Amino acid sequence: MKLTEDMLVMKNEEIAPGIYELVLKGENVRLMKEAGQFVNIQLEGKGLVLRRPFSICEINLPEKEFKVIYRVQGEGTGYLAGIEAGERLNVFGPLGRGFPEPALKEGETALLIGGGIGTPPLYELARRLHGRGNKVITVLGFQDKDGVFYEGEFSQFSEVHVATMDGSYGYKGNVLELIGHLQLDFDVLYACGPMAMLKAIQEAYAKEKRGYISLEERMACGIGACYGCVCDKGGELPYQKRVCKEGPVFALNEVIL
Amino acid sequence: MIDLSVKLPGLQLKNPVIPASGCFGFGEEFAELYDLNQLGAITIKAATLEPRTGNPTPRIAETYGGILNAIGLQNPGVEAIIREKLPWLEQFDLPVIANVAGDTVEEYVEVSRRLAENKVIKALELNISCPNVEKGGMAFGTDAETAAELTAEVKKAAGKPVYVKLSPNVTDIVRIARAVEEAGADGLSMINTLLGMRIDLKTGKTILANGTGGLSGPAIKPVAIRMIYQVYKEVKIPIIGMGGIQDARDVLEFLYAGASAVGIGTANFINPYVCPDIIRDLPGVLAEHGFSSIREAIGFAHR
Amino acid sequence: MIDLSVKLPGLQLKNPVIPASGCFGFGEEFAELYDLNQLGAITIKAATLEPRTGNPTPRIAETYGGILNAIGLQNPGVEAIIREKLPWLEQFDLPVIANVAGDTVEEYVEVSRRLAENKVIKALELNISCPNVEKGGMAFGTDAETAAELTAEVKKAAGKPVYVKLSPNVTDIVRIARAVEEAGADGLSMINTLLGMRIDLKTGKTILANGTGGLSGPAIKPVAIRMIYQVYKEVKIPIIGMGGIQDARDVLEFLYAGASAVGIGTANFINPYVCPDIIRDLPGVLAEHGFSSIREAIGFAHR
Amino acid sequence: MKLTEDMLVMKNEEIAPGIYELVLKGENVRLMKEAGQFVNIQLEGKGLVLRRPFSICEINLPEKEFKVIYRVQGEGTGYLAGIEAGERLNVFGPLGRGFPEPALKEGETALLIGGGIGTPPLYELARRLHGRGNKVITVLGFQDKDGVFYEGEFSQFSEVHVATMDGSYGYKGNVLELIGHLQLDFDVLYACGPMAMLKAIQEAYAKEKRGYISLEERMACGIGACYGCVCDKGGELPYQKRVCKEGPVFALNEVIL
């Protein structure tokens, strides 16, 4: 069995300005075990060579479907936005290690922190934690009102708070300020978003809380063979870890950002 | 029956398809995808004397039809490779080529000596063409005398066949090929990456933290074909050809130009099954062009 | 208002967009498609002393993300160019750069002298980097001393600014750039094509009748950016950058790397309106990145 | 007005093994004046850079449509074969010089000789010559029966004879043998096909007959600017002509093949 598959595009629609929801169907969906893993999608656009990594946002095993939410960022995602339902995309994955759910014990509360396009991988996680009976609080940060997405979706499984940088929707400020403002209490945190946000979270909570963060790095192979995507884990030489293989999810205190 | 086998110094290959150094790690990741025994051989990641952390990230950028990398020879060091990686590779019926790098002639010699002692290693590939390190690396590969001296020293110290991996970033590739041949090289690997750069329009900075990086992928194929064609005419030692190979037809073009076997690098990132796919397609492509063995196609453009 | 103008030795450009030599003939064909007065300047096809027929066909082959050409400097000779082509170009409000080639220093000097005398010609571009001719051509561009000597001789004989067009097929582009700067070059054009080859799988022969050809197009852009970036650091004279430019964003990347103006070659074959399209898009792309003039973007990656 | 246009694909269908009929619709069709001109079509396939030149096979002015017939030959035409009606292709043209119709006086007979995929440009010519009241004889040569196409179409406007190399259809042999066999009489010939055929025709008729042949050469610009596509016209230096600009149609005796 191959880990690459030409999957059928069921849906590819804009859900917020420049943000698309992509649903793919294929046999390899049954290999998708953990929230927070990613897939590497091949794009046929002119001159494009590398696959593009995207987090798995939602897994629908019975339908053999999974969802990706992506932001149009450059040439690859621009090309992807033009794909229509009925076409096929070659998907390599699932890849990497996701969020460890059992990190959360019975009765414990999870805080999910998503910044912008870092939100999607937390969605499958929210669903699962909720399903396991844990309390889930989600704090989402966006630039402005227009950029907000998935607030409603997350609220199916969690208490949701939204912050926007310009205050045009929800709390005015960043996610950390909102968490402070609400004095949210939690046991384990799970975060994904821009590097600046992850750094601030690490600084604020690495000492006192358990937590997991999902990293991004420019990738080539996606499976640990090229050493393109390393991050710093400190300690003895060679101290780097591969985001695609040992990650993209790392414990809050095990990486140096 | 199409005969895919190729015999090169130290290497008895089932077929001419060899994952290129740095694009296949030590084989572990791809072994999860398919049976490595299908391959002609594998070339492992560059080894240096001490562990190296490589360059800061981003280390990868995309260009039109190619990619830039600036890994910077990250590796756990020759001892860890011998201790942790080679025993695992021993389970396969697969010649392993060790890619060797260093800052000084002494480092190359020492790393080569240690690797050559190991029975898993069937040949050495001297990476005198890595564009992504400050010292050593490409500097050894852009000057014919230096390249020859290095080759001779390693030959003296290591009891295994030595392939020298040439840099394309030179005015006269033939001169360097000839020099290393005279110095005793058993074969050539060519080409390594072209030195390139991309600048991020938003930040105004180079995309790679290292500034420059090595260009690989389909974009460089015509340069590789040209260099192999030129070198084949002028040397007697065999060439392992690489640079932009994506499929079995590309392999045939490399054989025509003068390669006896081929390295597959960047294509592994695009289609992780590219090596077995090529091995599957090669007999058909050879037959379609009237060949019944790899041997017949080698250097065909020169006849 | 975005200021697109650029002032270079001998060239007062409305904008930095210049069709590259050999890709635009003498302008006649493109004048049927759009008003040439929109352009920053034009670089005409290489002139030699005598008419040349160039290489046998096929002269063009395609590669992944690029093309190979082996035109071989076909041109009607400097006298016919002065007699038949330049008077026609006089009708435009457009600086004309004459690309000069030859087999010997004397030929370069003589062709340059005659062209420089003509009032339509505002600057000379010494093509010391043509990979498609046996004598002269690239040979002058791969050796720093030869390149410098040629530059000095032409400077002596011709009373117009001299741009030297560098070959990328060298180990050390900075050395050659410095040498021609010291020899008096007023500017640099870079890069010319990379030497490449394709082999036809059916015939087993090279696709180009000439064997090798020059690789151009998007595939070579990262090599061009790298070389311009390196050279910009080390010379004071301005650089006309080229190699794979397809759109206004590519132009910005070249400006960042250190080019003061840009040449557009292969892209003219893909989109015949590419030059006016880029000129139309440039103000928007500059504004988007916070610039109000070309000047501000030049060398931005070095700041 | 631009000579490049995103034209609408009305039809793209296989009419014989590996031979496709492509119909495009666009404003620039009204510029298509001569039979024998060509267009340069841009293809978005991976890694493809150059446009691909194809002869105009039929012009339908009222509908603003024109037709191209192409053979799948390599990557570009392989990509083209996958295009579907409703998509758009960027077409540059019409380009080059076509067949001079007035070369034929009233009452004169035209012999059209098409070899394989060289047949299409003769079709619009046949239609026009027939429309002008001239007698038209068409001789088509193919490899084998399977490869035969457009016999019926040509027979609307001309007397048609077909030769196949293996004799599986029509006359067994090449077009010249068939012409000799039938002792065809004519005043002006128009030919398009493989170089070997054109050479043989030149040898046989250049001295005694008026005639025109259409050449192919690998092209880059398609408009005469790059000097990529020259052919030899003999005479004084520089004696080459550009196939894309002075051609693709040349008088039978003006080029050295």
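As written, the chains take the letters A, B, C and D, and residue 1 is the first residue of each chain.
Going forward, contacts are C-beta pairs under 8 Å (C-beta built on N, C-alpha and C of every residue); 3 or more make two chains touch, one makes a residue touch a chain.
Everything numeric in this text was worked out from a predicted model, so none of it was measured.
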| item | value |
| --- | --- |
| Touching both chain A and chain C (chains) | B, D |
| Chain pair with the higher count of C-beta pairs in contact (A-D, C-D) | C-D |
| Chain A-chain B separation of Cα centroids, rounded to whole Å | 36 |
| Centre-to-centre distance between chain C and chain B (centres being mean Cα positions), rounded to whole Å | 34 |
| Where chain A and chain D are represented by their mean Cα positions, the distance between them in whole Å | 56 |
| Residue list for chain C, restricted to those that touch at least two other chains | 63-66, 218 |
| Sites on chain D at which at least two other chains make contact | 46-48 |
| Chain D contact footprint on chain A (complex, rising order) | 44, 46-48 |
| For the chain C and chain D complex, residues of the former touching the latter | 22-25, 28-30, 32-33, 45, 50-54, 57-67, 69, 71, 74-77, 207, 217-218, 266, 268-273 |
| In the complex with chain B, residue positions of chain A that touch it | 2-4, 42, 46-51, 92, 217-231, 237-240, 245 |
| In the complex, chain C residues that touch chain B | 63-66, 68, 142, 169-172, 194-199, 201-202, 204-206, 211-212, 215, 218-223, 225-226, 229, 244, 249, 252-253, 256-257, 289, 300-301, 303 |
